[in-house]
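Below, each structure is written out as structure tokens.
What follows is a pair of complexes built around chain A, which joins chain B in one and chain C in the other.
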Partner chain A sequence: MLLEVLQGTEAGGFILLQDTVSYSGRHLLKSYISTALKREEEVVHVLGFEACEKEFRDGLDRTNAQRLHFHNAYSDPLGWTGNSAFTVHQFTLEDVSTLIKQTPQAKAVTLVIDSLSWILRHHDPAAVCQRLQALKKGGAVRTVIVLVHTDMHQRGTVGSIRHLATSVVTVAPGTRGLGAVAKTTRRTKSGKLMQDEETFSINEDLSVTIHSKLSHPGHTHVNTDETEVDPTANLTFNLRLSDTERQAKEKLALPFVFSKEKKSALLQPGPGSGRILYEPDANDDYDQEDPDDDLDI
Partner chain B sequence: MFAELNSILNSSPESFKQGEFILVSDRQTDASFLIHHFLSFYLRGCKVCFLGLVQSFSHYSAVSQRLGVSLNQAREKGQLVFLEGLKESLGVLLQGDTSNGTPALDFLRDPSSGLRGLYDFVHGNIRGSEGRAEDWGPPVLMVDDLSVVLSLGVSVGAVLDFSHYCRATFCSELQGTMVILVRCEAEEEEEESDEGSERLQRGLTHQCSLTLQVQGLPTGYCRDIHGEVEVCWRGRCDGLQIQRKLFQYKVCDKGTLFFARGTSSAVL
Partner chain C sequence: PATTATEVSVGKSTGDRLSCNTTSFQKKSRSKLVSIPGTRPSVQNGQLIVSTGVTSLDYVIGGGLAVGTLLLIEEDRYDSYSRMLLKYFLAEGVVCGHELYVASAQDHPSDIIQELPSPILDDIASPKPVESQTKPCDPEGPDTMSIAWRYQNLPKVQTALASSSRFGHYYDVSKTMDPEICQAARCHGFYLPEHSATVSPMPEAYVALLKNLQEVIHREGFDGSLPQTKSRNVLRIGLHSLGSALWGDDLCCRDNPSHGHALTTLLYGLRALLRSSLSVALVTVPSHLIQNKALMGRITRLCDTAVALESFRGSERETNPLYKDYHGLLNVCQVPHLNCLVCDLPDNKDLAFKLKRKQFTIERLHLPPDLSETVSRVSHGGLAGAAMLGSSGCGSAGNKHLDF
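Take a look at the complex of A and B:
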């Protein structure tokens, strides 16, 4: 499913890439950009906060490189040195739309944010979610792909961003040194949720190779060669049941189990059971109505 | 500088990787021996800007003397710019409103303003020597230690902004090097607290290219083995993403011995 997400071209898509210190998601992000650039007439706008342009373009195919527009928010994101191309405070619908309008001839625009963790440090998470939703629904951008470092935020913050996403890819280092593990969750327009877990690695040309699918991660540890040991064998006394004995055992009604026969026996008073004779006094308030009449047994 | 560490990191004063951000972190032990190593390593040929926030100049001078480097000489030549945090902070705290002290330590007066003053100080010192830039190699920034500002009221976000700006200037623009020491305290609560040295260490790890994590031995104190160092190269190039190596070390009088786990001379 990871490859489907990477190559997906549905409109209004929001792909969330989650990583931690143990494995950086930036390579997968570059892989996605490389795939997007291979599609004709597609333009990619990058808001780069965490990596400089040189590092970002490193490894990408040069022939498509002019369709990648890198907006430098790395050198001066807060305006401290006075020569900033894009500051973190410019992350608003108007400013981002202005950036995107620089390439009006593009058939489809993909917006990449590297990384949202930077923005979440300087803006209120609710405001960030609102702006992301506005970008997603705005129509100027076909797909938004965002990188978030989950270990830098509280779970609630990451959870709110997850709710906006149509696909979530969580990367972690592989356990056996084969590559990395990606857990993908995809939500289709009809609301159906699909999940998958795959081991992958990224090649030199930034294409992704899937090594194996782990669709039932919990079952990989089951040892099917285990033979069951029969506890009733090799004893000096007999613990086995013959067929008649087994039938008699199954017919036996257990003493405290409330079965249908017992219930009807209790509800109808049988012959010989005690009768209650009640003579109301002058002071008593005798109501003929049965108080249990409305019970539905 | 420690010869064994040089071979572990594949670097020598004549040839080392440019544009590196080295993060030294420690937990329940003291990793400042690595700071002394890097200080004497880079003073062999580069201009160094050292922010000494926890020790006095004479302390580093005394240790560097044993490693064969004279900090006084380097400071006189202009090769070393040393911000003595402890001494300057007295000026800031005792004089109150008068702005006699350097604006570098403005965060002591107003922690919520962040570390912009410190960045301006660092930026100014490197830019100031533009004319004589060919005398020394690419500039180096060293900070010992950055996590102390957390206990002075600066937020983790402000520290990460400072390190980001330093990285943008030193590593990306000037192709120099940065070495930062952070000390992590063991967190007692299970939940991650918003402002803590652990979060700072994680944030800096995301930004850096090489980390050296120093820890005491999990089994306790040992006379011959002082702890473990885990070296992680965070991949910038394709191939294996993160390469890790684990060593044990022993700090001696004039250096540090590094050896693979279990091969200490006391054991073999």
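Take a look at the complex of A and C:
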């Protein structure tokens, strides 16, 4: 599912890439960018805070390179020199829209933020969430891909950003040295949730090779392979039935077994479920009079 | 808690079974009784209650939601089922003819209204009759019992919770409500990005919400400000995802939020508004993001009824065989004591929910009997029967029929 994350063509996509210090997610991010660039008419705007432009473009296909617009927020992110291309404080809906309007001919715009951790350090996390939501719903951008370093922020902050995302990819180093492990969660518009865990590695040309799909991590159902001890074995008396004995047992007519018609008749809810049938015996004094009638009070 | 504005004086309390149609008893009621469509007096404490839209949830919180109170729903991880409950609540308001007020920072209220489930109008809240009531005894069928045949037609153990009286409607989740029905309902919306052009710092967003709500209540006369000629109605308020970062609140983002009292102040003001008007509110809060547990406790205390949802989707519980029939767990955290000392609740605390197409059921979570293959019990048809447990004791819905 790692590769299907980018295939959605509907607007309002928000892909969150989570990494930690043990495995950097930037390679996967560049792989996503190169996939997006391979599609015709698609323009990618990158807000680069953590890597310079030369390093970022390294490895990307040269032919598509002019559709990648890199906004340099690496040299001067806080605007100290006064003539920075993009500062952290410019992360608002209006300023980002201005950037996007520089390429009006694009059919679809993908906005890549590398990385959001920089912005989260300088802005209130709630405000960042609101701006991301505005970008998502704004319509100017079709997909937003965001890289976040989870070990730099509090759990609640990362959780809030996850809550907004339509797809979340968490990368971690692989255990057996084969590559890295990616856990993907995708939420469709109808509310359906899909999860996957895969081992992958990234090749020289920034394409992703999936090695194996790990089984669902929550699969804890263990088949009971220990054999149950048969209690009827090793006894001094016989508890088992032979075939003839079993047939004789089944043929035995049980007491109080009625025929089918009588059972059906008894099962139908009758007019009165409890009827008292009383037949007076010879010894019974069936006198209708009330014995208290002659009481004179 | 003070008495609500809508307390009904139930003088002759023997007529509590108003909605049950097995009695022809008509309660002699004075004209003091507030009769608003979609509401009825509670059988427990005489409060005017409305349905939440989900009949099982009504049963679990004590019959329904009292007018003038606040229901808190703690969201599940991906906000799927809590959103569904909000939609049920609003759909019930549309069907009963109540007015709606929807506030959200994430989706436009008109989008939420368009997604409401469509009501099943020919099957109004009637409990399904037990199908096997008049099944004749058939010794050859696989379901018949040969020894305990007198118990053949008795109903199986009811695990679904329901009360006997009619209240509330059922909805079909796969269809959305007809636009004509939606437009017939009066709906007020509050969409946060429209109310503040820039990113709104907190707690201004909450203040704006409360002011807007107060203005709507006063203008439409829910607090009694309009003269009596207008017929009374109930306002259903649905507030989506309060406390999330989109409202400008960093309650979910930080362990020590900078304005920790903003949401609690809003809930306090909201409850005051509710108590003085004919309205009922449902609030969803993403409690799984709130790191500060003490704050969550305060939020729960400030609401009247509190219910927490935990969905199995995406967690390791999804493959647990115990939970395979259900979509998640439901925990009733708090139920209010409105003008009474004790409230009557179903005693079972382990509740699980399942969203089916036509019903959102909440059931008691029970362990199925151990019918693994290694258990040495054989089953042969015929007269001898088999030595198995009786069917009335265990709540298994399985195909294996059990006989004495």
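By our rule, the second predicted complex is superposed on the first by the 214 of 297 C-alpha atoms of A that agree within 3 Å, B and C clash if a C-alpha of one lies under 4 Å from a C-alpha of the other, contacts with A are read in each partner's own complex, and residues count from 1 in each chain.
FYI, a residue touches a chain if its C-beta (ideal position, glycine included) is under 8 Å from a C-beta of that chain, and two chains touch if they have at least 3 such contacts.
These numbers come from a predicted model, not from an experiment.
By the touch criterion stated above, A:212 is placed in contact with neither chain B nor chain C. More residues of chain A lie in contact with C than with the other chain of the pair chain B and chain C. By the touch criterion stated above, A:102 is placed in contact with neither chain B nor chain C. Of the two partner chains placed around the shared chain by superposition, chain B is the only one that A:21 touches, whereas chain C remains out of contact. With both structures placed on the common chain, the touch criterion links A:154 to chain B and to chain C. When the two structures are aligned on the shared chain, A:81 is found in touch with chain B, with no touch to chain C.
With both structures placed on the common chain, the touch criterion links A:188 to neither chain B nor chain C. Once the two complexes are overlaid on the shared chain, A:266 sits against chain C while remaining clear of chain B. Shared-chain residue A:127: touches chain C; no touch with chain B.
Judged by the document's definition of touching, chain A residues 154 lie at the interface with chain B and also at the interface with chain C. Against chain C, in their complex, chain A makes its touches with residues 92, 124-131, 133-134, 137, 154-157, 159-160, 163-164, 185, 187, 191, 193, 195, 216-221, 224, 228, 230-232, 249-254, 257, 260, 263-264, 266-269. Within the complex formed with chain B, the chain A residues making contact are 21-24, 27, 50, 52, 54-55, 58-59, 74-78, 80-81, 117, 121-122, 149, 151-152, 154, 173, 180, 202-204, 206.
Only residues 116, 119-120, 123, 157, 160-161, 164-165, 168, 172-173, 192, 194, 199, 202-203, 205-207, 234-236, 238, 241-242 of chain B touch chain A when the two sit together in their complex. Interface residues of chain C, counted against chain A in their complex, comprise 78-80, 83, 105-106, 133-134, 136-139, 146-147, 149-150, 152-153, 193, 199-202, 244-250, 252-255, 286, 288-291, 313-321, 372, 374, 376, 380, 382-385.
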